[in-house]
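Before we start, here is the structure in question, set down as structure tokens.
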């Protein structure tokens, strides 16, 4: 079925070719802040993936079934952010209460990212790209999160080795992370044009 | 029950009030600026069209014309550029094709007889800066101004100053250049046909 | 002190193989290619190579000077960076671009990470990637080798023929891109069979300064392996995986896709496999990691060559695999001979 | 250019404006209502009890959730700091102000009548010591201590600064091969004590701002000590004759710091010491 | 009197801290997405900066006004609500009066909602200080942010096209470095600038 | 002959062995030194307490220090004389440690080796396991291959973990050292007798002697001896590959038996006992003649020594004196090492006494040592390839260097046998082994296992 292949393409596109961190510059703050250790990075990545998927779908539903039919597009941003913040807060409370181990492994990241660029970014881009079916929305929003996870895990491993390197003091931590990310984008340019 | 409602209101009145007021605020802004926003949207295309043919007004000459492109057909309108005296100065239409990064959307202008191109404007594109996006620059686009409205071929080496059916590729951006040439080649035939059908050209 | 005695932890002797001697051997191994480059591209090759090497040395010296660190030019790694960078740019590259690329390679690609041994990415490839991204036009201007173009004046850089296309890979790419033009690939594949193969081997073709002469590269690579400077794993992994991955599309449709042999001999594959992917600093330490790395490089190269927008993917695949090298090492931890201790 | 027509709505009929705008406002109201209900219910039903200091600390933090601390957001950092106060000061955006606040919440100033400060029990600079050979190994005290005869004295300061590296407050300098503590900045954290492989650093109660000490740990016989070091304790027992706060064991004099008070006897003991190894340590 | 002495430097501080000492981009490293995304040229960067100042000032003001009325569980949602409202207004304004900028900035204008600076200032300052301090703080931080954007955009535009704010600066023979317009240019330049800022502010060591 | 193992192991290095400097020098007895300093800590386990006081007179073979602990070995006086002092003295490992200083009287005769006591006719059946254990314990024998683990503990049969194979370690893989080689040539039957006594004590009949294949004459002489004797007929000679550290017990077990000693474990865990040839000789002498361990063969060699040789020296003799016996230092001698150049301990105090584990004094000249000029690691992987226990020395060393002991431990720092191969091979001249040793000390201190 070509439908499936469309979904696969969409997924690869958003994970690798149009990675949100590298091409859309979204989620830079946690990308800098949480890439120091690989387990933190992975936890963060999981949490982001969870939230992008959740909010991508929710906002699309809200947009598609409430805002557009009622010509309320103007409240789009407000609705998006409130839906995201509310949903994340709810999930966090819920997980914290009922699944403490799960909360430990990735729940703690949730409040941190409810106001993170990737999340709102994927919702907005889904809208801009004019995606109009739920499966694709789901794949794209999960893909954005997974793309973030891939990017942050690569960076975390790099930074763990850089800990043992003699980086100039002024460039330690954030600056060298930014530079490395920049050089990484040079590598990711190789994927250009692979998927339209 | 009542006490619950009271408690709720105590906790949440601010949120309710704020939602209402902010809702009002953006709605007012929207209402006030909407005409301008709309105007900008249509204005952009109009301005670009004007940039190609300095006409007084643009009328729809043919609606929903099917133009072949990479993925089947696209529907577009052909506009007639008319000056103050009512003379037809040329025709313009919007078309697209896939480039290096993403879709390239162009406005193409031909003269009144549909014999020569009057140029093009890039409505939207996502080509690499410094490479594909040189299609927005003069060096590449000048080649099309005055070029015969017939099949183009792409060459890698040649003189860009010569106005003919040979388009010199942007070095380092062959794919984009090919895409541009394809967009022109694919659309012009059906545009000519349509205009001829309507009796607007011979 | 009776006698000028020294104390230190054991061991008290060591082998006379220094960083410097290793680097020197790599430079020696690159010499056949340099000779070939000078033969094919005459003084152009000399100018570009000299500029790159000198700029690399100056940049490294400046960084050390700024950080008040001991001078590290003596380890010769900057010379290799300069050579490799020069070898992977077109002969007609203007000098200013060569300077920018080399400075970027050393400063941003190497010194900001802390100098030799600390960089994550191969500095020369960083320099090349930056040049490709910045000056795409200049980086795809191919010079006709002196052997093909008899007009090429000997020993001068001026007035030589520059053409904008015509590397073998570019033909093959065009064939894939415009699916209906079968002739182009046929031409490629046919040419591999007759004549072209010889040109690919001897280097009488358009391309980057050091990549054209396959024979010289193979000689250099074998020298490195036989003298024990590099282990054979990465070159083998790259070559084998390139061969395997490129035969898949070829066997599916040999009308559109180039043959594995063509893939092995064209573009930067050989220099990449022997000299660049093997850069010890940016490739995994362990044997298992090296296999994964090499297979990754080969696979990505073919992926980019056949599906991507660029004709060649060696540089990008090396950079990408460089970036996952820390991850590979993290997950290919070697196990002590006595097994992992409990608790 | 951009600013002309900005206030275009001043000319617009207010009634029409309201007619156009109310749906949005009302939607927002409904939305706000919905979330108010849900979150209120949730916050009541899903409350989790935790150490109240965590909330206090969290409130004191900037709330940027920037991750600079290496934790997953401010709330997580708050929790970590409460559990492990050594993480104090990781919050870069908060800076020292926040650090002080948190320290206040966590009661970090451990009340102590007599503050303990480290003393390096060696007073030999490079020039005072005998060397039998050149040490050509890793410049670390721990490494050098594992090698015989790095310097003749097995007990004295090696001067490679393991203690200096351990001090987070940059209070230790190596002056001519001898670790020297700056008591003005030392916080008494004791990290240096743990770092010294020769156990030269001891945390000592400082009743006064400076205190007397026998700055030597050499248990060598007097003869060997003399051969190894110009300023070592030779166990001559002259000091013990002045006050019983000094005691000589294994060829080494030791001062019982609890018995020390600045007076005549101690001064004399100090003067009597033939190698001058009884010295003051502390703020000048 | 005593009050005045205590608080007047406070106002000054609120205004100037954000410019350098607590510059969000170079010192605090928050709100890093826009400096990377919209700095291909000076003009969009400036536009972005102005938008952020506007939103920051407004949201700081509103949040400061209602800081004593906030209930814990509604805190975040109230912040989001007010910020989003002002961002919507700013977005509409750009669409109406600076359509070309609006097109270039695209999704990055609504993304101001989740820009870390805004929430950070709301939490760190507005929800604790009076209205005037909050407004000054908004102006200060916003200007610091804008300056950072312009510096970054200036460098990138200059090298990528030889122009500054669309005015040709570089001599004729200059070959533009297209890479500066690509993500590499953004990341590397920002990284080096932050390092540079760290060198400038580093306490002199003996 | 077939062996379970491939007679080699993964990793290792091939340093120039310089054995010819002293391999042709027969073992020489030397005059009794005037003064001996006998260290109280010469072995792994409880440190001995002196049993004599200052000014006491002692006789040859008298027990002068002992400890009650099971893992410990008594110390005997090599000479007749008086106790001059019990004081701190330079120790090759501990720096300074307590020693009993004995002034020898004039009536001393140098002790002569006893290889002639042993020949084809030796009969281990005469000695019961208990007798062997007692004799070994009373003689204060400790492993003479370097580690110094009390041998009595090793040879006591443990029914819960029976020993199935005994390996006599005759590799002598360190450069310069030839004492074991000379022993094999000159004391062949004594060694075989010791080996058979060990096998008797443990009730185990699989005995291998692992000899590096660069010593064909030693292999020959053993093969011939085995053929002629009945008591040693079950002994198999394993000509293992010449490669450092073939003599490491884990490597030897891998080479001969193809068994891996678990990381952090010891050979008995895989049912193997490894013992050095000198230890075997000492066991034989102790069991048959009841003489305690007071002398050992020491190779004095190196390019910084005038007349290299192998000497039968009393324990407690000052290094400097023995060097003088060997002609003294050359003018360009720069490093005196107790042991071989790969694992030995550099010392600077020539008064440092020999201990039971000091098999060699190696003196390196200027041209042998390479000035360490540490440059950054180029991640070439040579250290990993050369590491006989297959760990990642560079990661560990860098972890230690940057004070990240957790990283070092994640990469199995504790598995390192401190053989020095990695430092030897590293082109960047990084003292990897030094960092690893330091890291181990730091970890031990962290765990408070080590007194400060």
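Letters A, B, C, D, E and F name the chains as they come in the text, with residue numbers starting at 1 for each one.
Just so we're on the same page, a residue touches a chain if its C-beta (ideal position, glycine included) is under 8 Å from a C-beta of that chain, and two chains touch if they have at least 3 such contacts.
Just so we're clear, the structure is a prediction, and the values are computed from it rather than from any experiment.
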item: Shared interface partners, meaning chains that touch chain C and chain D; value: A, B, E, F
item: Chains touching both chain A and chain E, listed by label; value: B, C, D
item: Identity of the chain that, by mean CA position, is farthest from chain D; value: B
item: Most distant chain from chain F by Cα centroid; value: B
item: Centre-to-centre distance between chain E and chain C (centres being mean Cα positions), rounded to whole Å; value: 42
item: Centre-to-centre distance between chain E and chain B (centres being mean Cα positions), rounded to whole Å; value: 33
item: Computed distance of Cα centres, chain E from chain D, in Å; value: 36
item: Approximate Å spacing (C-alpha centroids) for the pair chain B, chain D; value: 65
item: Overlap residues in chain A, where contacts from two or more other chains coincide; value: 29, 32, 74-75, 78, 82, 86, 89, 111, 115, 166, 168, 171, 176, 179, 183, 186, 189, 192-193
item: Multi-partner residues of chain D (each touching 2 or more other chains); value: 5, 23-24, 27-28, 31-32, 35-36, 39-40, 42-43, 65-66, 68, 132-133, 136-138, 143, 146-150
item: Chain E residues counted as touching two or more neighbouring chains; value: 29-30, 73-74, 77, 81, 84-85, 88, 92-93, 97, 116, 119, 176, 178-179, 182, 184, 188, 191-192, 195
item: In contact (per the touch rule at the top): chain pairs; value: A-B, A-C, A-D, A-E, A-F, B-C, B-D, B-E, C-D, C-E, C-F, D-E, D-F
item: Interfacial residue positions of chain C with respect to chain B in the complex; value: 133-134, 136-137, 139-141, 163-165, 174, 177-178, 309
item: Touching residues on chain A, where the partner in the complex is chain C; value: 38, 153-154, 157-158, 160-162, 165-168, 171, 176, 179-180, 183-184, 186-194
item: Residues of chain F touching chain C in the complex; value: 9-10, 13, 15, 175, 250, 254, 260-265, 329, 333-337, 339, 341-348, 350, 362, 364, 368-370, 372, 375-381, 384-385, 388-392, 394-395, 410-412, 414-415, 418, 420-421, 423-429, 431, 433-434, 437
item: Interfacial residue positions of chain A with respect to chain B in the complex; value: 74-75, 78, 192-193, 196
item: Of chain C, residues touching chain A in the complex; value: 67, 108-109, 112-115, 117-118, 120-121, 126, 129-130, 133, 300, 303-304, 307-310, 313, 315-317, 319-320, 322-324, 326-327, 329-330
